[in-house]
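Same chain, two partners: chain A is paired with chain B first, then with chain C.
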Partner chain A sequence: MNMNIDVMLLVLIILGALWTVMGRSLLKATIALAVTSALVSLVIFRLNSPLAAVFELSVCAGLITAIFVSAISMMRPLTHQEVLAISKARVKRYRYLPVVLVIIGIALILMKARQDFMIMPPPPFSTDVRSLLWNLRRLDLIGQVVILIAGALGIVILFEEKKQNDK
Partner chain B sequence: MPSLLILIPLFGVIILNLFFAASPRAKKYAFWAAFCLFILQMLVAIFHHPAFWNNSLDRVDAFFNASFLIDHLSFVMFLCIGMVSIASLFVARYTMSDDTGMFKFINLLIIASLGMTGIVMVKDVFSLYVFMEITAVASFLLIAFPRTLDSLEGSFKYLMLSAVATVLMLTSIGILLIVSGSTSFSAIANGIAESRNSSLITFAIGLFMCGLFIKGGLMPFHGWLPDAYSAAPAPVSVLLAGVVTKAAGIYTMIRIVTSLFPFDTAINGVLMLIGTISIFAGALTAIAQNNFKRMLAYSSISQVGYIILGLGAGTGLGIAGAVFHLFNHSVFKSLLFVNSSAVEKETGTCDMDKMGGLAQKMPVTGATSVIAMLSACGVPPLAGFWSKIMIVIALWQASHHGYAVAAVLASIITLAYFLSLQRRVFFGKLRAGFEGLKEANKTVVTVSIALAVITIGAGVFFPIIFYALILPVKEILLR
Partner chain C sequence: MTSSSWQLFSLYGFFIVLLFACGAYCILVTRNMIRSIIGLELLTKAVTLLLIVVGKITGREALTQGLVITIIVIEVVVAATAAGIALWVFRRTDSLDVRSIRNLKG
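So, the complex of A and B:
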């Protein structure tokens, strides 16, 4: 039963991801992305990582969707003809994708993944995510801070220049 | 104390933006802050004094809660990062007229340098990934900096292929985490050793290496590189070609295959094959180019192939040769890109068909480009000769005679495209319209001369550099 739920969730994630990249409008693609993220957070929850699931749900499905929607609201909506043309081109470009997915799936089933490896025990540390993040991965957190600063600088550079060009 | 190499630039960028961004002298402060930072990095790498590298700053290190992996390979990389960043900084001063733009550029340059420094210091694959992302994000922004159609396209291509590389590496890290229980280098090495012939681990190793091939711009994973190099502004081309692909792709490859993965005949075979393909395909494609910077981009693919070929030899000498060629390539390719920036700035074009006889008007640029070219072709006694001969000898000693012969033959193709470049750009009759052309300003001329002196000095004083800096690198095999 549990296995069936996992398989169902994975299939839904793939469908959500396909909907995201194949969708006709940006807004629908954003909604599809949010749905995919919500499904991923369900999988993470089922893997006994409730805090990571909450992060995924709040940041990826919530915050990022809000940012995308606000950005899309500032753009000129496409005409019906433009949407059709984009949709047609996209279907043409990705028409082999389902075939490739099916072939990979069949190949994986035929190969039957063997467990020919040993799983080493993790080093003894707290399983609390907060303790892991703040005590053991502090260097990575500092790295994330640097990425945020770079992102902020990037926004300033790209958008300020745009403003000057518009003038 | 090594943690200072991450903390100083981080707080430097924060302080610059909080307190100096609004100042009319912001550009000047940022320039000298970055210059001092890069010089400091070079000095601690050259003298590698134990007082700096081995002493711990209790509170700072406790705050980081991380230990670093620093050896002679790291020192060579620190040196390259500092040297090329300074070259990029001076080229930016020469080519960028907008003070506000320059201030932001310097901030991104410091962040890119911080990212590369982190890559060179960490001993955990996830931290490695984080610092690779810092370098990549800063690089995307630096390439897109002028916001022209070409630069945005180049940046977008790099972003997309870099994302593919990231997915491949993260998948690999996930598998390795399952097998080894941790993401530290030592735990992964143990985990892989426990399950030597596992197909899943082989799959993970393949994914990681593909990701690094993309980051390093090796053929056939090079799609982003020519567009990014040629569309980026001049100082960014210097940085990308000089050190970004080396730190994110090649250094990581050397570290990973020697410290984590089984450095066996299968991996060596893949490395030598990819290296040889890159050498020949890069060199043959370079011949067909009309754009100065694009030719240099394909030349980079070819020269990086030599580094991977040397690594693939699998011996101490091969690794030492690969690392020395990495250092040499950083120097002579930075020099060639500095030359191209001078030519582009003075003539307003990178199209080699529109140039000719520029050495008459730009004698220093012409002469230093000849030195860089001869080093790239492996002409004695320049530094490039020694690194290439080390790679060839290592291949021959390891009984890879075919690859050794291929490496020598490819040098002839290198000579062919560089001679073509020199003839079309610097020699021959001066093109009409260039009579009033002037040499680049003192800033760029000084950088060109300094890089040319390093190229000649590293060749002439090869024994000193070999024993002090290069040969100790092979100790990574003993770990």
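So, the complex of A and C:
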């Protein structure tokens, strides 16, 4: 495996995360989050997990961006003075993030971690993700379906409230 | 753990901790509700990446992919519901600032 490409992708992910957190506009932060998601999905694909990479790309980079953009588009745009006031306060609060990251990075490099982790022998069950999902993790899938239904119902109720308010 | 897998783990672990720190800082510092959801997304991405790396090192890619798919599905539901709640609060208070939610303040 060519490690240089991985290092480059990981550095780009951190830059994307910094852009997401420190970007001024909410819309740009959302787009930066989508870019970060796409980069994360590339890394996941390079780590031999194509199905998870496809999910990450389609759902996290696609669907979540659409949700955020639609939510932001339903809100009132800020006036010029509000933007100026908010961005002044933001710069004060967010300027420490690169410093914090550098300090954490130096601490991680200096830290001498133990290398003698034990890895358990390979699992006896299937190594195919589809059969594993349907056979071994059936209960989790039921939980996922319940959570999806609960989420959908929650959103329906929230938007119903909005219609009543409009009337 | 062999030296090559330790090298892989330490390289990815370094950047995963930085990504996690970005998300945690965003949640701690921001007062905007949408930005806190974005910070939560960054935290989830760090955890996702860590699971995938561990799956690669231990040879259990199938199991970790199943877990990651579950995480992603729940992440979407959380993001959608939280964005809906933020929108609802915005309609009530005309602001995304968490300090404007004072109705439940004791």
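We adopt the following convention: the second predicted complex is superposed on the first by the 149 of 167 C-alpha atoms of A that agree within 3 Å, B and C clash if a C-alpha of one lies under 4 Å from a C-alpha of the other, contacts with A are read in each partner's own complex, and residues count from 1 in each chain.
The rule we apply is simple: contacts are C-beta pairs under 8 Å (C-beta built on N, C-alpha and C of every residue); 3 or more make two chains touch, one makes a residue touch a chain.
Nothing here was measured: the structure is a model prediction, and the numbers come from that model.
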Applying the touch criterion given at the start, work out whether A:Ile142 contacts chain B, chain C, both or neither, answering first, second, both or neither.
first
Does the superposition put A:Leu132 against chain B (first), chain C (second), both, or neither?
second
Just chain B (first), just chain C (second), both, or neither: which does A:Phe117 touch?
both
Return the chain, chain B or chain C, that is in touch with more residues of chain A.
C
A:Val100 in the overlay: touching chain B, chain C, both, or neither? Say first, second, both or neither.
second
First (chain B), second (chain C), both or neither: which does A:Arg76 touch?
second
Quick check on my understanding: which residues of chain A belong to both its chain B contact set and its chain C contact set?
113, 116-120, 122-123, 136-137, 140, 144, 147, 150-151, 154, 158, 161-162, 165
Parts of chain C lying in touch with chain A, wherever the complex brings them together
1, 3, 5-6, 10-15, 17-19, 21-23, 25-26, 29-30, 32, 34-35, 37-39, 41-42, 45, 48-49, 52-53, 55-66, 68-70, 72-81, 83-88, 90-91, 94, 96
In their complex, what parts of chain B are in touch with chain A?
6, 10, 13-14, 63-66, 101, 104, 107-108, 111, 114-115, 118, 122, 124, 126-127, 130-131, 133-134, 137-138, 140-141, 144-145, 147, 178-182, 187, 190-191, 194-195, 197-201
Partner chain B, residues of chain A touching it in the complex:
113-114, 116-123, 135-140, 142-147, 149-151, 153-154, 156-158, 161-162, 165
Taking the complex as given, what residues does chain A use to touch chain C?
3, 6-7, 10-11, 13-14, 17-18, 20-21, 26, 29-30, 33, 36-37, 40, 43-44, 47-49, 51-52, 55-56, 59-60, 63-64, 67-68, 71-72, 74-76, 93-94, 96-97, 100-101, 104-105, 108-109, 113, 115-120, 122-123, 126-129, 132-133, 136-137, 140, 144, 147-148, 150-151, 154-155, 158-159, 161-162, 165
